[in-house]
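Sharing a structure below in structure tokens format, with a few things to ask.
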Amino acid sequence: MNRITLTVNGVRHFVDVEDETLLLDVLRDTAGTTSVREGCGVGACGACTVLAGGTSVSSCLALAVRYDGAELTTAEGLDENDDVVSSFVDCNAAQCGYCIPGFLLMSRELLSENPHPTGQEITDHLEGNICRCGTYPEIHRAVAAAAERRAIR
Amino acid sequence: MPFLHRPTTLAEAVDLLSILDNAMVYGGGTAIQILVKQGILHADNFVDLALVPGLRDIEAGPQGVRVGPMVSLRRMETDERVRATVPLAAAAYHHVANPRVRNTASVGGNIAHGDYRLDPPTALLVLGATVEATSVRGTREIPVREFFTGFQQTALEPDELVSAIRIPAQPAGSGHRFEKNSSLGENDWPCASAAVLVTGHEVHIGLGAVAPTPRHVTFDARGLDDQQAVDAALEAAEPALDPIPDVRGGVAYKRALARVTIEDAVRAAWKEHRNG
Amino acid sequence: MKLASEFSVPAAPEKVFPLFFDPETMRGCIPGCERLVREDEQTYRGTLVNEIAHVRFSAGFAAVISSVTDQPDGKAVAAVLSGEDRRLGSSIKIDARLTVRPDGEGDSSGDSSVVGYEMDMALWGKLGRLGEPIIRRRSREVELEFAKALAAACGAPLDRVEAMDSAAKPAGGGTLRRLAGARPAATAPAAGQRDPVVELAVATQRLAVVATAVSLVSLLVAVFRRGR
Amino acid sequence: MAELREGWVGGRRARFDTAGRVRGLVSHVGDQPVGAGAHVAVHRSTQPHARIGAVHTADALAMPGVYAVVTGAELHKQLGDRLFTGPAFADQPALAYEKVRYVGEPVAAVLAADLATARAAADAVYVDYEELPPVYDLADALTGTAFVHEELKPSAVFGDLRHLHGVRDTNVNYTYRLRHGDAQAARDAGAHTVTGEFWAPPTHHVPIELPCTIAWVDAGRLEMLTTTQTPSYVRQTISDLLGLPLSRVRVTTRPLGGSFGAKMYDRLEPLAAALAWTTGRKVRIVASREEAFLLTTRHGAAVTSSLTADGEGNLVSAIADVRYDTGAYADVGPRITGKSGMVAPGPYRIANASVLSRCVYTNKPSAGPFRGFGVPQVTWSHESLIDELAHELGEDPYAFRRRHLLREGDEAPMGTRMHSADFVGCLDAVANAIDWFSPLDRGTGRIRRGRGVAVGVKAVLTPTIANAVLQFNQDASATLLISTIDMGQGSDTIMAQVAADVLRMDSTRIHVVRADTDATPYDTITAGSRSTYHTGNAVRRVAEAMRDKLIGLAADRFGVPASDVELTEAGLRGGGQVVPVTELILGHFGARGATLTTEANYTSKWVPYDKETGRSAKVTEHWFAGAVGVELAVDTATGRVRIEHLAVAGDVGKAINPRLVEQQLTGAAIMGIGHALFDQLVLDQGQLINGTLLDYQLPSVRDLPGRLTPIIVESPHDDGPFGAKGVGETGILGVAPAVANAVRDAIGVRITRLPLTPESIVTALEGNA
């Protein structure tokens, strides 16, 4: 058993975890951030995406002990007025919505690295996330719209 | 899951590898976690390199880059020095899986996996990279061209870990191209990939997914025009094509796709070399 | 999954056949075969154990002969093999057909046989989910191991056994004639042509190749040991 | 005012709680804690067809944290043959009993303190099997002598299956026959016949939310929270399984993270209920992704068919032999076989038609409902055939279709008339969108371009039942109780729009209660695109009843006849007076927070198929009509298809919310692109070999067409709520054939097996060369 500290959306959690405990389970069961979801268990769908220090991670493949001391952001941690969140909402970029928190965080990561992505760059960055409802056109538009909003500010 | 050891020095890490039963190096952990979940990985011990200092360093100079094993694939595609010194490698790393996997997966783990479908080995073969393998017995250098010994088998001994990869700088004026073709979804594993480097006198080709191991072929390009270069490339590559049939395609299709991939990559690299 | 191939053994069929009477020889030829006994006329049981890269794989298996056929140029036998690895939650079942005939081409001295096999292999459970590419790839390596062991058991000179290895290098063609993907031909049991001695011999041989296929399973487990 | 109208019928208001969905704040079944409950893992069969011998559970039971290991035999001892459930046949046991019928079938269930322990213990169970001959495919099943089930066991629900009871020595569990005229004679006499052997492989829904069921016993009642599209059905099944009155079973739900047919009928629920009931423990079962692949699939289907024209190009004969591979358990396969078999000739005026449609057992994971309910598989056949016939006659494939499409009032081959099914409008719309008649740069080198269209027809599930209860609150908000499940399609939103339109109120003030069989009324299922029409009608009626009630109260208050009172945005108006709704109800009850309640029902009726001809004067309540147009490029070297423009049109009668309708059309089209190009379950001798998302192919953002154009066609239905019909499936019907027709146009090769992988295209080109 290992005692680790995780800062999730600004709140510090002190958690006892086994070696094999996955970050996904800590986020859901201890931090209560249930926007982080298991969809495939093999890092292929992106529903379990979390930002660790701003970098996207598949929490279903990540050992929690390795994130001791990390600053984690989940979709719950983003403000409703955040440019990316509001662009997703305005572009109607959610149907069932189950996968959308993952897309949201990938989009955040992209725009923080590349404030003016091309359409191809948006596609490249979202390639590893699956939306089975087929909301890709709206999501794509939302990321472009968020970039524009940020540029205006 | 096996017992997780978290050494804080390289010496401690190789000590652990030498004394533990059924030990496996835990790098980025992406491939390992998948196998753990599938219930078919039966290592008893993991030696996690995350806490060992210095393994995330990228050193760059005019001769090339030296990359620590825990450098993420993502950094290989985004690091300006890597992009400037070995752009073909940066291009190949860029094509692995998706950004999230590339954030986590490590350069050392990627090559040690030895999988025939991975993208980076194609570029490393072409560029003549060297793997530094470290154990309690010391450090030895393994040319990447001698590293892949069989289907998911490498020249690493069980007690060795990849302590660095050295990639010589791409020659000035060379042309390069990484091409990847999937056969099902666009974002699927490659069905054929090719990294090509065209220098003043020779062409190097690294091939992924077209044989049980990543393959390297080269030929003398002096005096050839672009079509002759393509023909020579296909002729040189022919003996290396030994695809494994699976749901992504039969042998005949995979060979055909490999040839198209090689041709496209050689043409593009050739053009860049000529224009460069 | 269908697997088919044939390989040459540097010994005449008359020399190869008697070896199949000897379970001890077969046990030595089949990669990972620890036990091999004949239970009755049609049924054989064995155990495959493999320790490669620290992984210990253990599967009990049974083989049941379904037909033996004399053909103009050799012998053919069909058998069904099934095995199970409980720890890995996996079962295997193979419908297989094996042929042995004199090698008409190549060796001018005539002391050469061609062993051919066609297998329809079902792999169920955890290992079955892994898909076929790994098994297909492994089948070549296991086949080579078996062929070399068989050649050695035939008393082939060491240099010829080693030569098989180099000849079998990828894309080499030569000794290993890969016919992966070929469909097995129908085998009609030929009544009245049965020769108990030959039957046993060929059956055991059949068993050997079938068992070779089972040992693929152990080898592919080993594959994952090396994954990083 | 304009904002108010955005929330009424025809308005484009956003879904409920889009902001919450985006940030992941909508909670799902898997998010609910189970406290001290048991986590369940399942030990699965490693044989495709075998008799179960001993089930060895001692090792598993000895593991710390394991509470119990339960086998099918133990459940059967307690529940008897009630253990077998299913929507059409009572053939599927919650845990295998006596026999296993597919690789991966649940054989034993482990209850443990945590999921990891449960899974480890499930691995430690082992089973002795006596192998039985397996039935791997349709050919084995139809010609062989091995049978998946000893005898057919139709469920008690359907009278039309009763004659199948106890039938033995067959793998065909249901046969539908359509005979209209003499199709064979017409074919023999016809001038031009095209034929084909078509194959659409099994596929999987892969909703990203994994199936999860939590069940517990509360005061002698079985309660559950589950991921299902069919809470009313599940309640009935659990009631039958446990022998309890319906009042002692409660099924509750949360919004689904996608489903597409995957989470309906008997999935995890019978096992969860049986375990909770027999052990007394609260149990939670969640399927891993690999397990979810085994719970249900889309039917692989083979269609052998022909289409014949006479010398003038009139369609004179359509013949189809359709075989649906339903796997080890029938599930709803027999219904699919009938409903989809009857439209196998396509939406055309055809003088003679003959269809044989069969539902066939094999030793594979069971197949059930999937967006389109078996129709995409027959659309694949009829839209390829008519395209090929047009080519054969030298006619334009668009114009040839258009000439023969069924029009309003036409009787289709199966005997039912067309109404609110504007095939021509849909076809014209997609043809215009992709500039069908403009010159196309076909390419000369490696890249070749082509265009294709396809039309789809589907009948809505009939007969079905919908109920609605409305509570109008004194503060002029409302609570709508229906059992429709919102799984992304936006039903909660559009049902509120229907009610708000009738009640002239703000739709965001209407709360739609999540299905809970203790509270929300019976509704057949949320599936088959039926909810907008059926539940929408119930909602419209319940709102109208409420409007009448409010008008009645106002009439009393004003002292005028009800006919003189009108409900408006401002309140009730009549006799020169206006009273706000809030004041009216306050005045009526003399209490703040009081509620008025109304209820309503909508039930659709049908005329059963004629036993001899398979025809019916009213086989369905209404039709879905859709069309797809595609322009694409084929890389003839790699075989890869790039869709440059895909237009998808659907006749929805009337779009309650055009924004959501467009999203349903594009979402279905994207799913259809996967089916057209790469999406399939690969089984090798009964073993699924691509059952992880590392191998199974789903469309990603990279697979999007260059342009994707959804088009709403509105041909109002006389009986639909405001003329509306559903749309969830319309967009998917024609995608695969439209792509194949465009590939045919581009490279001159007709491919009849899905998916159109690059390998299949390269191989076909080589075969053609």
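Here the chain labels run A, B, C and D in written order, and each chain numbers its own residues starting at 1.
As a working rule, a residue touches a chain if its C-beta (ideal position, glycine included) is under 8 Å from a C-beta of that chain, and two chains touch if they have at least 3 such contacts.
These figures come from a predicted structure and were not determined experimentally.
Taking the mean of C-alpha positions as each chain's centre, the chain lying farthest from the centre of subunit D is C. Across B-D and A-D, it is A-D that has more C-beta pairs touching. Rounded to whole angstrom, the centroid-to-centroid distance between subunit A and subunit C, based on C-alpha atoms, equals 51 Å.
Here the CA centre of subunit B is 44 Å from the CA centre of subunit D. With centres defined as mean CA coordinates, subunit D is found 30 Å away from subunit A. Centres computed as Cα averages put subunit C at a distance of 47 Å from subunit D.
Touching of two or more other chains is recorded for residues 89, 129-132 of subunit C.
The set of subunit B residues that touch two or more partner chains comprises 34, 38-39, 186-187, 247, 250. For subunit D, residues touching at least two other chains, in rising order: 123, 290, 689-690, 692, 694-695, 698-700, 702. Looking at which chains touch one another, you get A-B, A-D, B-C, B-D, C-D. The residues of subunit A lying in touch with subunit B in their complex are 19-20, 22, 41-43, 46, 49, 55-58, 60-63, 65-66, 106, 109, 113, 124-125, 127-129. Subunit A contributes residues 28, 33-42, 44-45, 47, 74-76, 78, 80, 85, 88-89, 92-101, 104, 123, 126-140 to its touches with subunit D in the complex. Against subunit B, in their complex, subunit C makes its touches with residues 53-55, 88-89, 126-127, 129-134, 136-138, 141, 170-171, 180-181, 221, 223-228.
Listing the residues of subunit C that touch subunit D in their complex gives 1, 82, 84, 86, 89-91, 93, 120, 122-125, 128-132. By the touch criterion stated above, subunit B contacts subunit C in their complex at residues 21-22, 24-25, 27, 31-32, 35, 38-44, 108-110, 112-115, 150-154, 158, 211-212, 239-242, 244-247, 250-251.
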